[in-house]
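You will see two complexes here that share subunit A, one where it goes with subunit B and one where it goes with subunit C.
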Partner chain A sequence: MSSETQQDKQVESAVEAGRQRRGGLHRLDVSATVGRPVVKLVLGVTLTFLMLPVFVTLIASFGTTWTGTLPRGFVNLENWRTVLGLAEGPGVRDGVITGLGYSAGLATAGMLVNIVVGVPIAYSLVRYDFFAKDIVNTLAILPIVPGVVLAVAFLRMYPEQGGSTLGLIVGYALLKSPFMILTVQSSLQSMNLQRVEESARSLGASWTRTFLTVIVPNARSGIVAGCIITWTLAAAEFNFTYMVHSAGPRPFSLFLYQNISRAPVLQGAAAVSVYFLIVTAVILILQTTGKAGFTTVERK
Partner chain B sequence: MAEVTLDSITKRYREETAVEGIDLTVRDGEVLGVIGPSGCGKTTLLRTIAGFETPTEGRVRFDGEDVTHVPPENRNVGLVFQSYSLFDNMSVRRNVAFGLKMQGVGRSKRRARADELLALLGIEDQAEKSPQQLSGGQQQRVGLARALAIEPRILLLDEPMTGLDAKLKRRLETEIGSLLDELGVTGLYVTHDQEEAMVMCDRLAVLDDGQIQQVGTPAEIYERPETGFVADFVGTSNSLSATVRNGEIDLGFTTYDGNGLPETTDGTVIVRPEDVSVGDGDVEAVVRDRFYLGERVRARVELPDGTGLTVDLDPSTDGAAVGDTVQVAFETEGLHVIT
Partner chain C sequence: MARDTAGGTGTESTRTGVGARLAAVRALLSPRTEAERERRRVAVMSLPYFVLAIFGAFLPLGMLARMSLSENQFRNEGFSLDAWETLATEPVYREIAWNTLWFATVTTTFSVLVAVALSHALAKYDLPFRRWIVAMVSFPIALPGIVVGFMIVVLLGRTGLLTNAVAFFTGGSRIDLATALTVGGLFLGYAFSLIPRATMVLRGTFEEINTDAEEAARALGASPLLTFYHVTLPQVWPGVVAAFVLTFRTALAIFGTVLVLPALNVATLRINLEIQDLGFNLAVASAMGLVYFVFIFGFTFAGVRLIDNESLKI
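Now for the complex of A and B:
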């Protein structure tokens, strides 16, 4: 409505005039000259502090020695070859790449379990009032317990499933489920679920259709965030894996552990770099599919 | 569009009764307003028609057909809420076309229909936007277009104007009111705002404490309220205790011709402020308070027996200051007796 827009503009100019009368422009100046640069500086320092070790590690993994602050002797691919099991000699293990793929598969499966189970749980916690809701809410967050605790319970409860692929998937899904439930819950809380749902149903959509075409797409940001967190944490989960894993390809966290604790520094650097590269790739993939998968613009 | 009938609907939640024994008909093509204070059960009635509540007792009929146990998605009702409840993951056009998609209407057809409705509501230029980019008034138009798109048997509006600023609200009322009239929409309009209901609705049902107090045209409700509650809830009114005997209304301090009224010793006379003339009359009253309202001045006056009365003064007269004594008289046609 053009007259509404006009009204908005009038309001804006009135607000602006008020600001000027109250000397607000002066305050704005202070904010522009001092406030923003300070925020930028703090952000820059923090990011550098966090990112620098990762980058130096990545660079060092291609070096020959790292005795002082900076590594030397570039470019040396030996560390990567050793870590990935492509070299020959002492300390080189077979099947590393298979293990990495296996591990990525485990984390992905755990993440999918969390989507299927976690989204409905988060939905019912936000949408409905039911008996023992508080208890369910608490139980949903409880799996944040350390992996060691869950692993012990797991091995006692299902001794024959302990070391299996299924055991690892279920364990990862359970341990990381609170992150999916919490993020989805918070994105659902921002909408009036009941009203939106009732509107869709009155327009002829069944409950299932409403859930899949209206509720889930609106919870997209929470689901994508939940996927990223559950995947990344599951891939690096050491305690649970260390205790439960018995045979088969070596998962990610054990690969990291072996290359860091019982190997030269630069080999560790290469292993850590492998982890970061994979995680970065996965985050990018999840974000892209997250956006594309829920696209809502009508194609012409 | 359809005629919607509620047959002695009662809804109880555990011990609490939301509505009791409601008999109500929304005639084909009319917009029926349901007004009442919050918690009176008006939203329960709306949700019962939509199918989100199953009545504890009674039947809901659309054109005589019993739909009491038909799920909401199969009832073909249009819903418009206060909180718009648009689908933020879809463009405005897709919101409006959603219901048609559910009905299996082809893409080009539903696009055309959506655009037609958006044009009808004057927001065709917003079709590609996300609902979040629109103003409150525009969102409400999209909500209405979306509900109308499925050509519902009845359009249910639940406080649709609440939350909009007063000026926009007044404009939308007349605009939407005449649009619904033009389209011949059967509608149920739930609101706590009686003024809004009077503008938008052909008939009104006043609800209090889960029960219908009165059903009638806005004029009937305003001019001839049947209960003290209706008189009090709709507009401003004065209630005076009265006796009707031998064709005379006896107010204690004065009497009026009460021809044709049922005799009672314990009646209440309802009189609207505009039906009390101030200036010359046979009753003396003292002005206690006056409020300037622009087109009129509303005043509180006190009768000789201590009864307070709300009256309207002509703003052009400077007389009748606080403390002054004035003469008041009641317009006989404005007197209405509740027994």
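Now for the complex of A and C:
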């Protein structure tokens, strides 16, 4: 009710502001004719800015040289052969397969940790009121520590394990947990949790059974989307990995960094394109689960 | 029923501190009422997260604080304020703090402004392939900072597309025209990461607008600009603030992009420098990391007080 009167006032002030300029001044307000095209132009320019380098990279990875305005010498698969480890390349020790396999394993483990950690806390935050709920909520849905600071802390706290497989899994799980918690929260918010829970309880199910066999299956779409997003983000996590990694198999993001910083630009393009293909596949999967992209906003 | 026990705990808290705490522990371990059972459920459900947070974040951060006071770079020994003194007195650190803050503020403001236009268009206009536009705008969220840096090199580096195009038309030297490694190039790198995040936050807010008021204002003769300023903007303002808070945090934490395009000495780059290139300066790096963490933490909680939790979406 109060928001309605507030909106009436907003409408009044907009109309009033328009009337006051009824004289010569209001002719200067050309938003009726220009507004929409200008906003569309901003959208167009931004989309071009975001997507042009992605497509150019993908195309350039099949080129031979890039000394003129555009890459030339298509179609050349040599960059891809180097990146995939089928040929020797400058500046890079081995192909993408081992690093990607290792990172996929780390990301999967981190994702499983996130299911165990994220689903229950998302549920208790949506369903219950409790002491310091707002603080817990803020802690849980925002990354507590930036990756670089977490890395310095890990180097000190776990000098032996910081850069190990276990250290990386814990780091990834913590850094990416907000994405799981938020997606699960938004899918739980669309259910009447109290009614569902009470129905199951009154039919004789224990609380644990209710949670595992009624609530969790109903939140499936949010959990799946959260898994996909946290997995993808962890698979290419760089800031934390770069600082803590010292020995053992080299994660995918460090392979990317080597190709970006030390290899010829076209080989870097091929390496980056590998990740583009993964992200594109992930977005296609997300679209089939009802999300438009890497967003935790539920589709209306 | 729940109200009764809430009153009960009120009287319990007037007992001695130890007694009340014992009663609370007893209630968690063997709950007698439904309210106590509910409290136990909340505790059990939050437990995994807090185990992860304690071992993954809180204990390491405590160690970070201890390390910044250590006399030895490799072990925690003795007590020394050297690292903090270095941080407070050497002018380079003041410059880093200033760089980090102004650059994050400028890039965040720019990105949020663009994001307002983008989410307005996505929510109000009849756009073709709307779903694909959303997918394309959210695509960069998945890219790590180093890849974003590479994107800017592809556009504006020495062999970059735009550099070459400009060089072709003006006849200038490609090396002089390359702007990827300037502050301008870094600005675009930050914008590449931040615009998508800000847009995703604002899109949720724009979806919830009541369009009746806008239509009424337009029907009564207000121009689109006045309608936006007087009717739309007040409704989306909490989302704009939330987008600013989240985007500013992200801007402060960017590392990969600035590692590939080192045009400006910001805090993350310096922390890396202290550890990798300037020797193993763990004490100074720890002190910097701690200041950095405390600032982000304080900023977030201050920011969250301005907005309701509903607007906090990534």
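Just so it is clear, the second predicted complex is superposed on the first by the 211 of 300 C-alpha atoms of A that agree within 3 Å, B and C clash if a C-alpha of one lies under 4 Å from a C-alpha of the other, contacts with A are read in each partner's own complex, and residues count from 1 in each chain.
By definition in this document, contacts are C-beta pairs under 8 Å (C-beta built on N, C-alpha and C of every residue); 3 or more make two chains touch, one makes a residue touch a chain.
The model shown is predicted, which means the values in this text are computed figures rather than measured ones.
With both structures placed on the common chain, the touch criterion links A:Asn76 to neither subunit B nor subunit C.
Counting residues of subunit A touched by each partner, subunit B versus subunit C, the larger count belongs to C. When the two structures are aligned on the shared chain, A:Arg195 is found in touch with subunit B, with no touch to subunit C. Within the superposed three-chain model, A:Ser221 lies out of touch with both subunit B and subunit C [touch as defined at top]. Once the two complexes are overlaid on the shared chain, A:Thr165 sits clear of subunit B and of subunit C alike.
In the superposition on chain A, A:Phe154 makes contact with subunit C only, while subunit B stays out of contact range.
By the document's definition of touching, neither partner reaches A:Thr64: not subunit B, not subunit C. Annotation: subunit A residues 8, 294, 296-297 touch subunit B in one complex and subunit C in the other. In the complex of the two chains, the subunit A residues touching subunit B come out as 1, 4, 8, 191-192, 195-196, 198-206, 209, 214, 217-218, 220, 294, 296-298.
Put simply, subunit B touches subunit A in their complex at residues 50-52, 71-79, 81, 83, 85-91, 93-94, 98-99, 102-103, 111, 122-123, 135, 137-138, 143, 146-147, 150, 156, 168. Residues of subunit C that touch subunit A in their complex: 37-39, 41-42, 44-46, 48-49, 52-53, 55-57, 59-61, 63-64, 67, 114, 117-118, 120-122, 125, 127, 131, 133-147, 149-155, 157, 159, 161, 164-165, 167-168, 188, 191-192, 195-196, 200, 203-204, 207, 210, 212-213, 216-217, 220-231, 234-235, 246, 249, 252-253, 255-256, 259-260, 268, 271-272, 275, 282, 285-286, 289-290, 292-293, 296-297, 300-301, 304, 309, 312-314.
Taken in their complex, subunit A has these residues touching subunit C: 3, 6-8, 10-11, 13-15, 17-19, 26, 29, 31-32, 35-36, 39-40, 42-43, 46-47, 49-54, 56-57, 60, 66-70, 113, 116-118, 120-121, 123-124, 128, 130, 134, 136-150, 152-158, 170-171, 173-174, 177-179, 182, 186, 207, 232-233, 236-239, 242-243, 253, 256-257, 260-261, 265, 268-269, 272, 275, 279, 282-283, 287, 292-297, 300.
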